[in-house]
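Note sheet for the following structure.
Order of writing sets the labels: A, B, C and D. Residues in every chain begin at 1.
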Amino acid sequence: MNVNYYPAFILMCGALMILIQLCFKRSHITSYLISGLSLFLALLTQLFLQNHADTSDVLFVLNAQTSFVSLLLLMVVGLIWAQLYHWLKTINEQKEEYYLLFLFTTIGGLIMVSSNHFASFFLGLELMSLSFIGLIAYCGPDQKAQEAGIKYLILSALASAFILMGAAILYLQFGSLSFSNLMPNTSSQILPPWAIITAIIFIFTGLFFKLSLVPCHLWVADLFEGAPLVTAAMLATLSKLAAFIILWRLVTLGHWQQYPIIIDILSMVAIASMFIGNFLGLLQKNLLRLMAYSSIAHFGYLLIVLLLINNNAIEFSSQSFNTQTLFFYLVAYLFTLVGVFSIFMQLPKIKTLDDLAGLFWHHPVIAITLMLLMLSLAGIPLTLGFMAKFYLVMAAVSQQLWLVLSALVLSSIIGLFYYLRVIMAMLKTPADELKLKEINSSGSSLSLNILILFLVIGFGVFPSSLSQFIQQISG
Amino acid sequence: MIPISWVFMLSLSLFVIGLFGVLARRNLLFILISLELMLNAVVILFIAASRYHSASIANSDGQIMYLLILTLAASEIAVGLSLVVHMYRQHHHLDIDKLNKLRD
Amino acid sequence: MTEYASLLALVPLLPLFSALILLFSKLPKLWISIFAVGSVASVALISLFFNVIFWQQSDFVLTASLGTWINIAQLKINFGLYLDPLSLVMITIVSGVGALIHLYSTGFMYQDNDLKRYFTYLNLFVSAMLFLVLADNLLLLYLGWEGVGLCSYLLIGFWYQDRKNNLAANKAFLMTRIGDTAMAIGLFLLFTQLGTLDIQEIQIKAHAVWSLNNDNNTMASLCCLLLLAGAVGKSAQLPLQNWLPDAMAGPTPVSALIHAATMVTAGIYLIARNSQLFQLAPDVLYLVALIGTFTLLLGASAAMVQTDLKRILAYSTISQLGYMFLALGVGAGASAVFHLMTHAFFKALLFLAAGALIYSLHHEHNIFKMGGLLKKLPVVAVSFAIGCAALASLPFTAGFFSKELILAQVIASGHSGLWWAAVLGAFITAFYSARLFFVVFLGQTQLSPNARPTKSMSLALVILSVLSLFGGIHPEGLKSLMPQLDTDGLSTLQHWLPIILPFIAISLAWWLFKTKRFGKPVPAFMQGVHQLVKSGWAFDRLYQTIIVSPFNTLCQVNKDDFIDLFYRLIEKTSGRLHMVFSKFQNGQLRRYNASLILFCILAFAWFISGELML
Amino acid sequence: MTLFILLLMPLLGGLLAWYSERFDADLPKKIALLSLLLCWLPLIPLLSSMPFDASSLPNSQWLIDESYPWIPFFNINAHLALDGLSLLLILLTLLMGLVALSSAWHEITKRTGLFYLNLLWTLAGVIGVFLAIDLFLFFVFWEVMLVPMYFLISIWGYEQRHYAAVKFFIFTQAGGLLMLISLCALVGIHYQQTGILTFDYLILIQNPISGDLAFWVALGFTIAFLVKLPALPFHSWLADAHTQAPTAASVILAAVLLKTGGYGIIRFVLPLFPQASIQLAPFMMLLGVIGIIYGAMMAFVQTDLKRLVAYSSVSHMGFVLLGCFALNIYALQGAIMQMLAHGISTSALFVLVGMIQHRYHTRDLNKLGGLWLNLPKLSAFGLFFGIASLGMPGLGNFVAEFLILVGSFEQYPILTIFAASGLILAAVYSLLLIYKTFFGPIKRPHDSKITDTNTKEWCTLISMCFILIYLGLHPQPFFDLVPITLMKLNFIAADIGALL
């Protein structure tokens, strides 16, 4: 068994342990600890595997880049796990099954992230989607969660169907399902050329649904609002990270960039999601829906990375720099997002902007953290978000993608407005004090905020260590 | 020997029929059924492709994918049906158009 | 010669120091007036001392420098003072008349509780005027020029409670500012063409550069035209003259000092100072003469029909300044400055006498409400009589010598048409000064004076009367500075007509006064013309319609910044776009499925369209 | 290390002030005052050793130059350097910080700790902008100085403070993003042309980029600076930001934040893009002149006192733009002098407006009138600074405007004549300001508890008067301090009028 499978394997054992523990005696704390332990061990092995894993077999590609991504994934899940216990206490449901599904989604993510073959990709995708349905519809009586669960079920099934259809056509054309040899210029032209394009479009539909990019973005706001908070956090970070890595691997390994139409589709979708994502969020009152629309916009920005054609001649458009931009942007965006969701977890009763009123004057630490996270999302300097945007602009400018860049500027200005609205809401004089009184800023959440601040602002002001680490990985 | 493009056209048309089913139907059960139809359409293409390519490269990826898709369809339907039961118990109807509490 | 330099430096600085002391100190009224009058009197003494020293020499130059101001690349400007016969005459007038007016206003303004503010502004004005007159470069002259404008704005609006005074002050400042801006553009042109702003260097370089090839005299005439515009603005000549009558809103000594003796003469000084430059542009000189003539006719005719005492004197100042511009225009700079000197004496006398009148008739301005005051206010009556005589240029008064000289020069320079207009002006001047004297001092008394002018006011009146009578000595230095035209080839008519005319005008006025026709309303058909002339040939209404109201409506229309509306439009459209997109989010699952398929269809359609076009 | 201390002092001072609010209410302002005074320490040795006569100009342009590695991958380093121009502007910043502090002393009562934190952090950001030589660091400071100013306006402002604060933030951010793109493009092109990847201004200036893309990059930079220096099409944020900001914030905004735009043009646009700025010059000068006239016309009809002063600074900044792009030595010196003089005269006007608002709780010109009777000292200062703002000779503004107009006359005479008409319009709105507030009949019943200027206000205003007079009568040390000749502005025609 290849040493690189150990992290997934450990998580699998963790899940089994929880199952066995369920049979004997239901105790929330033990399942919490088991899942925590398995996650921690998986993280350690992943760290250990970081510097000498470079084998690749049929189903999985296990080089430095994928191990970095799975490391990032595990760290994000670890951060979400840290607040799971407090949040679950407030839910009057069976607690232990949540950890089970939680671990299964992580395993699905790990598989999907390092997959190099349609089979493994499909396996990971389904494992993650189905366990997500469970996570979403977890709270029985809550009608919104039910509705969200049904929507996610139907839509993800539809998306998988599209991806499979695309895979099937490509398999018919190229005879193999692994990503690396989807070379377009084979001798035998089995299917008419438009068939390959339709296959790619079908796969794009499925993946764009997962990434909630513009034409298929309608579901994400309802899911964020309907699903329980932690599930929404997982959806925002885990499923989108895995889907984007797959999209990136498909486009780069499969050299889909030299089809001019793919470049057009990608740039149109990127520009559309930047604008529509930001316009949707403009006057949005519900905080979670706001975060959903901002994630549409951010993945619109990230799509620019796929438009960059690697040629090592120009300084900032070499293969390694494009991957660095991708990873840096993912790290920055995911950490900021996890930070925002952990803040929301600490403010249970607060759902809309008006509830936020006066938070700054009652709980300064939480308010300042949320403020800095909003600035990081907006891309104001001295935050991680700005460094990510700087990488992106450097890469795009060196390839003279002026249309996309102007869209980036205009949409981030529009985006700036609703990030400022959140900050503005916190500064307003509070309408009713009681809602703010109930927030018990306990010790553990304070330390978590400090950690998030360290990640977002620390790396924002001194990004050299992070950028060096990413530079080594992307080779 | 039936030319592969015929099979391709068959699976594509089946796929589109399933797609139409998902869009047109309002009842959740029928949506699940048409989803099943779409997955079967894909399966046909995989089997045909694997059969077509078996001459040149002796790989049976297609068949393995078929097995995977079947298991997926089964587990998906299981979860779907549990949601259907749950929905019926709460709403006493299966019309998904009425499920629009989550809106902007 | 240099030991006097420090003395020269004192001349402009003394009033400035006293103004600063008055500003920051809390002195009692007596000390305030002592400081104010003392500083200007000492400057008068210094200028007298300079007069005595330089009495024989006709071409002396005394310079002093107070340090560098701006020194970048070519632009080297320092606070340099330059004394020569022309500026000597000017500082003697400014400080002499200024000291007398300060003395007079200690009495006139004594009850006013804002005395400190009054004397600060007055001293500041005198120091600015001295800077203007003594400046050796045009930028320092411009500093004095604007300083004088500022002080006149502050002093006109001295009684700030009354809305009318403030508007008059704003009008005065803005109209002079228009002239100043034109002059500033002249400065820029001079600097870019000649590379220097030093007055003497300009004269030399101008002659070197422009007289060589007479084709680009246009540049010289352009510079002179712009400087002329500045002079016209400051000396209230034709296009920009209707601020002076409204400037009478200020206290009377202020009108005497600023709007009769000193500030309004700054324009004449500017042209006289740059006479060599103006020589290079004969067409501009002729324009100066034309402006002078038209202004003198306008001023004289308007003064003839006024009823307000101070407005008559204001319009008469405008017309006398017209004479000086005429003299400058025909190239008789020296006679212009000579008339400036005599005019300063008798016009200041008239204003101060009018001030005494107003002071004693509890602020009455309308002359037809006064009458028969000869017996009641003897000193004021006598000084007023001497002033009117000098104004009408009766023989053996100071006015006579200077005006005759100008008329002779005009004839000598061959402009007979201008001469006839000047003579007509002289006739009307004599007529309205006589009318003024008869209406105010003869006939039966309507208002009886309740206060008598104080000692200091009477002293100032007496000294000025003496000066108006015997002040007609033509300063020697001026003749050498600016060439004179020989005036012996005159025909008898041209020699005797200007001397007889005043007597005819006075007898006409006496006849009209005797038949009680002065106060009567004008017959119907003359009503329109009378009103037109009374309002100073309707220049106020003219500027109101062409400049002020269009500018006002233009600004009001754009009150809230149409560019801002553009940004508000963006704000509204983005709000509406938000509404449009959020309408899609209506929670219908089947609509979400459709969105997925929509992407496929659109992508495929794009692909097909791409294919078909190839 | 002195420059970093100068930068860190306000930051730490701010934090301390905020923390000290727990102990007692008026400790923060004392700490803020202390930290501002401490900021002068690093500059004292510099000022004393500075040779104030033109003979011994410092040989190299930079008085202090410090650089530490920051992001090695892009070889960005935290490179701060001080030359004559930035020394002048930093002195202005510190001075205006003190003025803002004095005007906020009694006015701000609630949440004072946070107020002084934001105040000092804005100052730190601005000092950073004036010192930063590394383009990336400059951009970081450019954006970061906005955040505390946004809080100043949105928490302590007046009625529509949120709208004004957001508008201010978004306008400048849009400009900033445009600058980010042109910054990256500049570095990219420079790398292609010379093979050196650097963000350092000193290296970039060695061989400025050329070509048509350079024109667009220069335009990107200029637009970002035009938004900050409110030039015409992007000026509408200034009026709202000023009317809704508290006095101290609008003093800082008027005196210092507007100058970062002018400083940016002189420091980055002119030297880095010589050909492009020659091509851009006529349009920008036209924009400047339109700005002058448009600002004056707008100021003329405003009924709100602060809006009037805000639009007047749009007009003054039009002069700065005209001066910068006239591309000759007089106009450039004039532009720098105008930035200093305008900084002082407009912030003094804002302090006065703040004092009037503090006493009469209104800024509406129709309700104010005849203040001279009850508040003679305050009205005297109002008169002085109103006159200064219309450009009275003997005060700083005149020297600046004269130099700008002389410089630009040599390039485009007709354009300068229109700009000179701005002088008349400046007189129009300044006299209107003075007449409507201080003269005229008294409209409000005089209650005795409204006092005239107290000693603190008197001292700040009188010191500003003396500075303006010193600027007007003896500007020479300020001209010697800015070694234009040392800068790479070789295309400036220094020999005007040498026709002989």
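One rule holds for everything that comes next: a contact is a pair of C-beta atoms (placed from the backbone, for glycine too) under 8 Å apart; a residue touches a chain by one contact, two chains touch by 3 or more.
Computed from a predicted structure; not experimentally measured.
> Can you list every chain that touches chain B and also touches chain C?
Of all the chains present, those in contact with both chain B and chain C are A.
> Any chance you could check whether C-D or A-C wins on number of contacting C-beta pairs?
Taking the two pairs in turn, the one with more contacts turns out to be C-D.
> Centre of all protein Cα atoms: which chain's centre is nearest to it?
It is chain D that sits nearest the middle.
> Among all other chains, pick the one whose mean CA position is farthest from the mean CA position of chain D.
B
> Need the CA-centroid distance for the pair chain C / chain D, whole Å please.
Here the centre of chain D sits 37 Å away from the centre of chain C.
> Report the inter-centroid distance (CA atoms only) between chain A and chain C in whole Å.
Inter-chain centre distance comes to 78 Å.
> Taking each chain's centre as the mean of its CA atoms, how far is chain B from chain D in angstrom?
So the centroids are 66 Å from each other.
> Can you check how far apart chain A and chain D are, centre to centre, with Cα atoms defining each centre and the answer in Å?
Spacing between the chain centres: roughly 43 Å.
> Would you give the residues of chain C that are in contact with at least 2 other chains, written as numbers and ranges?
582, 585, 587, 589, 593, 597, in rising order.
> Out of chain D, which residues touch more than one other chain, so two or more?
none
> On chain A, where are the residues touching two or more other chains?
Where chain A meets two or more other chains at a single residue, that happens at 147, 150-151, 154, 158, 221-222, 280, 284, 417.
> Run through the chains and report each pair that touches.
Between chains, contact exists in these pairs: A-B, A-C, A-D, B-C, C-D.
> List the residues on chain B that touch chain A in their complex, please.
4-5, 8, 11, 15, 18, 22, 28, 31, 35, 38-39, 41-42, 45-46, 48-50, 52-53, 56-57, 59, 61-62, 64-65, 68-69, 72, 75-76, 79-80, 83, 86-87, 90, 96, 99-104
> Within their complex, state which residues of chain A touch chain C.
So the residues of chain A in touch with chain C come to 147, 150-151, 154-155, 158-159, 162, 194, 197-198, 201-202, 204-205, 208-209, 215-219, 221-222, 260-261, 264-265, 268, 276, 279-280, 282-284, 414, 417.
> So in the complex, which bits of chain A are touching chain D?
Where chain A meets chain D, its residues are 314-316, 361, 375, 380-382, 386, 389-390, 393-394, 397-398, 405, 409, 412-413, 416-417, 420-421, 424, 427, 462-464, 467-468, 471.
> Would you pull the chain D residues touching chain A in the complex into a rising list?
Those residues of chain D that touch chain A are 69-74, 111, 136, 139-140, 143-144, 147, 150-151, 154-155, 162, 165-166, 169-170, 173-174, 177-178, 180-181, 184-185, 187-188, 191-192, 197.
> Help me check something: in the complex, which residues belonging to chain D touch chain C?
54, 167, 232-233, 235-236, 239, 297-298, 300-301, 329-330, 333, 370, 372-373, 387, 392-394, 398-399, 402-403, 405-406, 409-410, 413, 416-417, 420-421, 423-424, 427-428, 431-432, 435, 438-442, 473-476, 479, 494-500
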